[in-house]
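You will see chain A twice below: alongside chain B first, and alongside chain C after that.
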Partner chain A sequence: MSRPGRDDAPDRLYTITGGRSSTGPDSPFDLVTLVVAESEPAAGMQSEHAAILRLAEFPTSVVEIAAELKLPVSITKVLLGDLQAAGRVSARHPYRPAITDPDILEQVLVGLRNL
Partner chain B sequence: MTAPTHPGDRPSLRTLVPTFALTALVPALAVVAAVTAAPASVRTPLALGASAAALLLCAAVTWAVHAARAARGARRRLEAVSQDIGRLLQQQARTTEEARQEQQRLIGELAQQRSEFADSFEQERARIHQDSGQELDWYRQENDRLAAELDHASRERAAAIAAAGNASGRMQALATATLADLRAMEDRHTDEDVLADLLHLDHRTAQAGRLADSIAVLTGARSGRRWARPISMESILRGAMGRISGYRRVRVHSVSETAVAGHAAEGVMHALAELLDNAANFSPPTAEVHVYVEEVPAGVIVSVEDSGLVMGDVQLRRAERAVAGDSTELGGLSGTRLGLAVVGRLARKHGLKVSFRPSARGGTGVLMLVPQDLLTRPVADEPASAKETEPEPAAPSAALLDPAPVHESAEPDEDEEGPTGLPRRRRGRTLAEAERRSAPQPAEPRPAPGAADAQVRAARFDSFRQAVRPAAPDSAETFTETSADASGPAGAAAPYAPTPVPDPAPAPHPESEPESTSHPHAYPEGDPTS
Partner chain C sequence: MDSATSDARTPLGASADNGFKIVVVGGFGVGKTTLVRSVSEIRPLNTEETMTQAGEAVDDIREVRGKSATTVAFDFGRITLDARNVLYLFGAPGQERFWFLWDRLFSGTLGAVVLVDTRRIGDSWYAIDRLEKHGTPFIVACNHFGGPVHTPQDVRHALDLDPHVPLVDCDARSRESGKQVLITLVQHVKNRYAGPSAPADLPRQEFV
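Then we have the complex of A and B:
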């Protein structure tokens, strides 16, 4: 567990999303959805929204945004859903690679680790 | 006193007549005889002379008789008067004697009474003295008893307050640790249902922590946590919201970019939380509570407006007295109305000014002035930290993020080269360029899988792995494991990716240390892999 006092932020996750912790089933966002900002951050905007818009100036995956914001993916998805509803970001799915066989991926992983 | 007048005392002339006649008879006879006997030549003178002598004699005898009678009367009167005098003297002597006896008697009585009175007075005085001595003893005992009780009570009060403060401090520590644990769990568990439950627990724990904070503030114990850096106003407001039950009804309108100095941040947050809680509790359950932040020369004014009940004059005065923080009395507190007293304490401690006014929304508006000396600018935290309000405005930051021309012309493959080439600023740049050139068309994906060699894919995969890496604090342990276990790089990756195939399920774990970004942190662990 992290040391108390070091993960310093007084705002809890539920205050960031207004108590929502999940998006609806029709949410277009998954871990690798690429997000592109459609507008500049505006004044008075929630700081996470502004940070997302700055991050997503270039297409960025949801999981990267979540990592940068240091927020759980679910929370990030809620924030992205808000931004998308406001028309400030758009989502597009990445190119799905042809290799979907887990065995091949596993072999690749082992190979990579042996590099 | 008049003596009775005896007849003869003053003999009347009538009583003298017989004497005079008797006396006149004898000389008359003698005269007659002498005249008769005398020669006729001398008879006439003799008769005259003898008659005159006889008359004189008669007068003298009569006068003598009368004088003798008068003397006898006077003597009798004198005797009567003498008797009267004797009698009066006797009477006087008797009266004097009686008076003297009476006086003696009265003096005796008086002396007796005086002694009686003196006795009873003495007794009374002794009794009163004794009584008052008892009374005094009783009062002294009572005084001692009450003093002891007071001493005992004050010691008990101090002990109780200290105990309450101590317990609240421990509860604060527990709540803080629990919140940190919950935050770590929220990062670790990706299931949305689990996350919802964790957030629910998080909320409850935050409220419990606020109660512990309130008790700590009221008991004068050390207040809550200390923040080592300035906390932005947005975080202050959110931190306050997160500690009340009705945070969903709070609407924040703030463009302020100030921050509250770390030492006062907790107090300001706590006071705001109490005010928000009051506003939310005393307004209809569906009404919103609006929070406005306004920067003024004296500091920052945070106004909390509800549309609930308007406070009456008495309530208003009581509330203003409570938030003035002038009295540190614990009396009059009820278990459910701690809020304003807590606000008063905090306002006194940090120099906050709290005032009430009718709200334009129909309820009560509370203004809290955070003075300028508590304010600062937020520290320029690591850009990756989303919890800090970015100090620079949006447009310049976008300009800063604008890529350099050198990178504009870079080939896509160069961007992906090497696992160390993963700085944030390179993310998706080529793709963005492609997007900008052909926006309507479907975006060109990242380098085609066919063209990508193993190096590129390793880099991409590594970045993905870094993103989904779980809890950061384990890194220290992982380092030791890695150094101890020389089996190879796979050992280092094992704690992070338990499954060989990286499943998208593991949640990306934000760094718990705000001063480090995920990427620089990743380098030491990325090295053994590369």
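Then we have the complex of A and C:
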């Protein structure tokens, strides 16, 4: 069994993100933000960045990317921030406040009933 | 722990643009992963989040080694609702360190399911208390493990559950049963916020 991050040397994670361990509470990325690649992986690109671009060929949530990369969510968000700043990914953001709109809740209900 | 490999990934449709979260909280062995698996369209994946106890001020991973880091592992599954909406279902442990990360991970969650083993009802008290304090809408689902059947009144009493909180029985192994649990939760959330009869003093989720 391998859980991402837990048994990794902190130095490895430090290297991946250049020392940044967290994007803090203001991160635009939520667990369920859907990320879409806007470019192909390029030669010489950091391997984690390239892996994200391959994963996000179709919309892929932040938490799925973290699980596939076997990295903690916070580290994944740092990497995604880099890619977004470089214009290599776009983000489809979820509703951040509590969901209270009956129309949206009805859409969820319809989807669940149709399962 | 099984988890889907990259080879087995099932991508979302290109039009998917809105993710929802529902959290299943419960003690060890109560069936959270089983419930997630029974309704998920992907094999449940596992990931984790880590934060130092010192919180946001310590933002450098080199600090982690010398301090007590809070690490929470959680399973999740996925349900495509329609061409645009996709629901992620998170199975998360209810212990104290998990709540330390609640705001970071689960702010804006649609709601929560407290999964209860009626042989160990006390395991759920803490989770219910925290959800009430957070103002997160939730329901309670009792997973079947055989043994003596408890009446809903008994369970409500043992949990000291608010009469407005739905309480349902479920079999976490059953897709249909798991689906009904989710429908009960979303209907509860909708009722809570819908219409002019919604009481103004209802606690709202205030974290963003």
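Methods note: the second predicted complex is superposed on the first by the 79 of 115 C-alpha atoms of A that agree within 3 Å, B and C clash if a C-alpha of one lies under 4 Å from a C-alpha of the other, contacts with A are read in each partner's own complex, and residues count from 1 in each chain.
Quick note on the criterion: a contact is a pair of C-beta atoms (placed from the backbone, for glycine too) under 8 Å apart; a residue touches a chain by one contact, two chains touch by 3 or more.
Note that this is a predicted model, so its numbers are computed, not measured.
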Taking the superposition as given, does A:Thr33 touch the first partner, chain B, the second, chain C, both, or neither?
second
Is A:Arg92 touching the first partner chain B, the second partner chain C, both, or neither of them?
both
So which one touches more of the residues on chain A, chain B or chain C?
B
Is A:Val108 touching the first partner chain B, the second partner chain C, both, or neither of them?
both
Determine, under the contact definition given at the top, whether A:Thr100 touches first (chain B), second (chain C), both, or neither.
second
Given the touch rule stated above, what does A:Gly19 touch, chain B (first), chain C (second), both, or neither?
both
A:Glu64 in the overlay: touching chain B, chain C, both, or neither? Say first, second, both or neither.
both
Jot down the residues of chain A that show up as touching in both complexes, chain B in one and chain C in the other.
1, 3-6, 10, 13-14, 19, 21-22, 30-32, 34, 57-61, 63-64, 66-68, 70, 72-74, 92, 94-95, 97-99, 102, 105-106, 108-113, 115
The answer for chain A against chain B in the complex is residues 1-16, 18-19, 21-22, 30-32, 34, 36, 40-44, 46-48, 50-51, 53-54, 57-61, 63-64, 66-75, 92, 94-95, 97-99, 102, 105-106, 108-115
Of chain B, residues touching chain A in the complex
173, 176-177, 179-181, 183-184, 186-187, 190, 192-193, 195-196, 199, 202-203, 206, 225-229, 231-232, 234-236, 238-239, 241-242, 247-248, 253-255, 265-266, 269, 384-390, 393-395, 397-398, 401, 424, 427-429, 431-432, 435, 442-443, 445-446, 449, 454, 457-458, 461-464, 466-468, 471-473, 488-490, 493, 500-502, 504, 507-514, 517-518, 529-530
For a test of understanding, state which residues of chain A touch chain C in their complex under the given definition.
1, 3-6, 10, 13-14, 17, 19-22, 24-25, 30-34, 55, 57-61, 63-64, 66-68, 70, 72-74, 92, 94-102, 105-113, 115
Per the touch rule, the chain C residues reaching chain A in their complex are 1, 3, 6, 9, 11-14, 16-21, 39, 45-51, 56, 59-62, 64-65, 71, 73, 76, 78-82, 85-88, 90, 103-108, 110, 135, 175, 179, 182-183, 186-187, 189-190, 193-194, 204-205, 208
